[in-house]
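Common to both upcoming complexes is chain A, partnered first by chain B, then by chain C.
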Partner chain A sequence: MKFDIGVILASGHEILSGLALTVLIWIAGSALGLGLGFIVATLRRYGGPLVNLGLAIPVEILRGTPFLVQIFLLYFGGPFIGLSLDPIPAGLLGLTVYGAAYYSEIFRAGYQSVPEGHVEAADCLGFGRIQTIRHVLLPEMALIVLPPAVNMTVILLKETALLSLITVPELTLTVQAIGSQKYAFLESLFVLALVYWALVEIAGQLGRLAEGYFSRYRTART
Partner chain B sequence: MSWKLFSLLLQASGMTILVSAFAIVAGLIIAIALSALRLSGNRLALGFVAVFVSFFRGVPLLVQLLLLFNLLPALGISLSSLSTALIGLTLCTAAYQTENLRGGFAAVPPGLIESADMLGFTPVQSFLRIKVPIALRLTFPTLISEAILILKASSLVSVVGVIELTKMASNLAASTFMPVELYAAAGLIYLAINQVVTLIGRFAEGRLPGTGVPAR
Partner chain C sequence: MTTDDIPAIACNKVCKSFGSTEVLKDITLDIPAGQVSCLIGPSGSGKSTLLRCMAFLEEATSGTILIKGQPLGFSEQDSGFRARQPASQIRAVRANIGMVFQQFNLWPHMTALGNVSAALRVVRGLPKREAEARAMAQLEKVGLADRADHYPSQLSGGQQQRVAIARALAQEPRIMLFDEPTSALDPELTGEVLNVMRQLAAEGMTMVVVTHEIGFAGSVANRINFLDHGRLLFSGSPEEVFRKPRHPRLEQFLDTYLDRGASMLV
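And now, the complex of A and B:
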């Protein structure tokens, strides 16, 4: 068997463009998912039982089904219900909605971790709802929310590889295409695995740095 | 969607369940073996386990499966796509389960191990009869959530040609032009299987004996 990694590395700039799209979709999807997840968790907290139930159902469906089935439904099924999206927007939308379901559960657990007394104290001090969220709930739950949120963000990075199956020209699709052009499948997949491995390790390290930074919010717990 | 199509999906979900169940059980056995290596304290063993866990948790499962499918034939090993998929899924979940078991093993009270030493247990006996049961009991909830993750991850073996629920749904979607109905139905079946696994987990959790180790 012939194994020549140079064949793949010769296409460096193509790999970089695939990598750039992977990172871009990942960061955009995570940021949008984080925002949407926060909105969902907040609506579930303040919106009353009906809103809570109405949001719980889609969240459970998104968390209980494979991401692959979700993006297939969106990309191949979408045009049949009047939602024709190009691969990149479809991938970004799929990743955002999928991530939002998990992030919303993380924020929900965060909200629940803040003692009710602190919220009542804020009420007594005349804080409005948004002020309470901004100055009491968010800082108090930051440390609870951060580790699982970092974890989920790293999972989303790995999930972006599935977008190659709906022809988003991200890292996996790009490197596989190079592999078949040069007839070097094994080499291309080795490079691919190493690049993801490095990305995930870097993302994990950044997450730990963020946790260290936010630990200034750590308060004495009684 | 006709009952005929839905029953085809149901049949294919048998393969999904089979593949996931195999991976979970085989992955658990490998994870216990890797935990033993980790607890041995041998530097080489520690390094091996650390790299194994980091690699299989750090690379997308899709890439792992594609790599395995090209690697095995290049090494002169020819296996069916089902066997290769089983190996890939098992190795991946083994890495996650090793990491899950880490906390369980750390929580085994050292006093129990010392008592076992006193009673003349060999290290292998005290590992298999004391540490493993306690670690498994303590990490049982994470085993159930891992089972659900693997059920969902098993959809990826469709990419390498195993005809399970997702692959059946895409095949039928391509031939009937009803992707919305078929993928939605497949999603519902995944949801139903996951609910059943969750319920079984809760039921079993209540029935398992305690370990006497205080929860952390």
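And now, the complex of A and C:
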């Protein structure tokens, strides 16, 4: 038996369709998770102690349990509470909620990084709450939030591989299927590692570009 | 009664507690329009808290504050119940007030021009060009037109504080509140900020200034209010305060400044 990646790459068409689904779920799940996480962090900041507690509990549960367990519960347990989802929507929902829990903590730290006086200055000038968030808090916290958010987004990409276990036909499931059809199990793992790594590098570069953009005003920071 | 007769700010029996600590005790104080009122007193006496109550950054535990005769933050109902005003009403009353902080509180992601024009665009909805033209006029007034495109991190403390003053002035407030505007600055930078404030006073702006600059208080203030342990112990003209200090606490407080070059005032 010899190691021959060509066996796997011969099925390029299928790999591309798996890759497309991975990228799609990843980008949609990250974007939705980012949005939901921001909303959760904002509600926790402004919603009073009860709302804060009511949201802290699910966030802690989601952060304290494995993603694999969460998607199994959602996919196999969901039907028992009337939530029967196909694999792809179940995977997307799972990734979104899981990501949102982490993103919300990132935004919470971001909110806390902005000095209270900067918000008071906006209050005194007549800014409403949403205007303060939009024009003061978000841009000010961008630099603080960006590195951990990029990091989390990369982690989410890698977590999408677990969606193969609830039969989402994404990259991992596709390539492994090809591998077992053609008795090229190691080769399939090798190809998977290469493709995920390439995606992670691209995401990291985009993140660094964004950081460069937001750090332009920090040039002479003392 | 003309509007000039109404005090710019009228505090009536204002009390403020943080938890079980009483920080302000029954403060009744009028800030006359068109004049400079200073708040002086030892550290922890409640000067900042009182000023912040006037800007509704702190909510008084009891008592009322009227801005140009309009209640700030709370409306007293006929039944005597004290109801919090809706946010829009609070904003409307607050629009009379500009606030300058010890720590400047400029937004670091905006240039000087951005800081000064932001509220004009966001709050007033002015088009960018007009907002920036007005902001530029304010920066000129504080002598910083040539620094308009600098970020706060590229400005000295004195320049940052002047930008912060310009930012507050751009909203055309009728009353300006200053909380120790020069105490975060190196001594050689305080002059440029005090000069801007003198100019503002000369234009007839109503100003309330919390300060440790007894020299500034003595030469610019129309009224000096002395706070000690949350109580207003003395209120009078600079002459009354410096020439014949009566209250022993005030005398003791001023004594600490004799060594600091303010002796010529006393």
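Just so we're on the same page, the second predicted complex is superposed on the first by the 216 of 222 C-alpha atoms of A that agree within 3 Å, B and C clash if a C-alpha of one lies under 4 Å from a C-alpha of the other, contacts with A are read in each partner's own complex, and residues count from 1 in each chain.
Note that in this section a residue touches a chain if its C-beta (ideal position, glycine included) is under 8 Å from a C-beta of that chain, and two chains touch if they have at least 3 such contacts.
Quick caveat: nothing in here was measured; it's all calculated off a predicted structure.
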item: More chain A residues in contact [chain B versus chain C]; value: B
item: Touching partner for A:Glu140 - first (chain B), second (chain C), both, neither; value: second
item: Chain B versus chain C as contact partner of A:Ala31, first or second or both or neither; value: neither
item: Which of chain B and chain C A:Pro115 touches, first, second, both or neither; value: second
item: Partner chain(s) touched by A:Leu9 [first = chain B, second = chain C, both, neither]; value: neither
item: Partner chain in contact with A:Cys124 - chain B first, chain C second, else both or neither; value: second
item: Touched partner set for A:Leu53, first chain B, second chain C, both or neither; value: neither
item: Contacts of A:Tyr196 with chain B and chain C, given as first, second, both or neither; value: first
item: Touching both chain C and chain B, counted on chain A across the two superposed complexes; value: none
item: Chain A residues within the chain B interface of the complex; value: 1, 60-61, 64-70, 72-73, 76-77, 80-81, 158-162, 164-165, 172, 176, 185-186, 189-190, 192-193, 196-197, 200-201
item: In the complex with chain A, residue positions of chain C that touch it; value: 55, 57, 87, 91, 94-95, 97-99, 101, 103, 105-110, 118-119, 122-123, 151, 153-154, 164, 167-168, 171
item: Chain A-facing residues of chain B, complex; value: 54-55, 57-64, 66-67, 70-71, 74-75, 148, 152-156, 158-159, 166, 169-170, 173, 177-180, 183-184, 186-187, 190-191, 194-195
item: Sites on chain A touched by chain C in the complex; value: 115, 117-118, 120-128, 131, 135-136, 139-140, 142, 214, 217-222
